[in-house]
């Protein structure tokens, strides 16, 4: 089977959309993805930290370091 | 003995099939593999987080960072 | 969608402004960003360590090693 | 003393044989080695997870990420 | 805004001065910085380990490995 | 003072001899060193895991991944 | 201020002398430094593990992997 797209194409496809991010250690962040680079560093706006799926703290704009990300999922 | 294929050939062979993934820290994810790259970054669709083999949470589409993957197994 | 800017452009945009930084292990630092490099090493001035959002200890000027940063957020 | 072979020659020699693998965090896996690469990524078939030397769960075919392997031992 | 200096310029500026260093795991070291390299490896003289801001143990001259440093702050 | 040899020369000198190895996390392994590479990946034969200096489990031949080794000492 | 020497010059200067080494996880080692390389891999002779400043176990000759070293201090 031939790959239709590569993993980072997903990030490109969801630019401007909300994503859920799980970090090492369990922290969950939700926000709108506005940029990324090849290290999976991401910028989110309207970001908030979640606890059990509920907003726990408003963060606003943030730069997340790629190396600590477990996964990114469009919501 | 000569290798018939290299490890990443397995990923290529199971594109479009369901896989089980174990992450560092013990999290288990199951979903359909749609893409991967040389860092073992993976995109899954129809993904869900498992707990003791049972679905715990629907995630849908996700980009998993390769560096935190312990293993990938076709199911 | 085309990216308007790359993740590190955010750091450039907030030079001279106050940022909140979360490190691996949970430590939170707040201070004014005065420089950064491609490893996300940062220099802050007027920095302080936070505990539950409140200033816990004055640090002043500091060089933070990028590899241990979870995220950077302008405040 | 001159080395007769290099460490990865062992992997080549045991292709098609059963190996025991210890991962960081203590997980033990046993299976038949069918491929490896220079990062020590391995593919096993007929793999199972062990607990105290006893089979705990059948996994079947799996791709193990090299970076989390403590050791590989032919059995 | 244009950066006046890069993060490592701070280290150059405080050569010969006392710095406070926080390592991963929480260890705090105070001493006079006499050299550094691009990996943030540092040599301190008159160094001591701190506990709650108080000197706990005299170390004297030491080479600190950069990879384990959380931050460096002139005191 | 000029170095008479470099660290890896020690491994070369003890090829064919028994060594004690301490891994991250505390595991101790003893066995006869038969090969190594520049990543400090090692092959031991007649290897056994130790507990408090006593043999706890026979392992036989094993490939140890260099990245998890704290130290190697000829015995 | 201009650096008189670089961090690794300290290792060169203390070749043949006793050093105290702190590893990640807290292990302390004392011994005579006989070689090092650019990864901070070190060979010590007459080495012993310390507990609270006291010799706990004689190790003799050892190769310490640089990546796990917190600091090196001449004693």
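Letters A, B, C, D, E, F and G name the chains as they come in the text, with residue numbers starting at 1 for each one.
Convention: a residue touches a chain if its C-beta (ideal position, glycine included) is under 8 Å from a C-beta of that chain, and two chains touch if they have at least 3 such contacts.
Only a predicted model underlies this, so the values are computations on that prediction, with no experimental measurement involved.
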Intersection of the contact lists for chain B and chain F: D
Between chain A and chain F, centroid-to-centroid distance (C-alpha), Å: 42
For chain C paired with chain G, centre-to-centre distance based on mean C-alpha positions, whole Å: 33
Chain centre separation (chain B, chain D; CA means) in Å: 18
Chain A residues counted as touching two or more neighbouring chains: 24, 67
Cyclic ordering of chains (reference chain C, direction chain E): C, E, G, F, D, B, A
Parts of chain E lying in touch with chain G, wherever the complex brings them together: 12, 15-16, 23-25, 27, 29, 34-37, 41-43, 47, 59-65, 67-68
Chain E residues touching chain C - in the complex, by the definition given at the top: 1, 3-11, 20, 24, 40, 66-67, 69-74
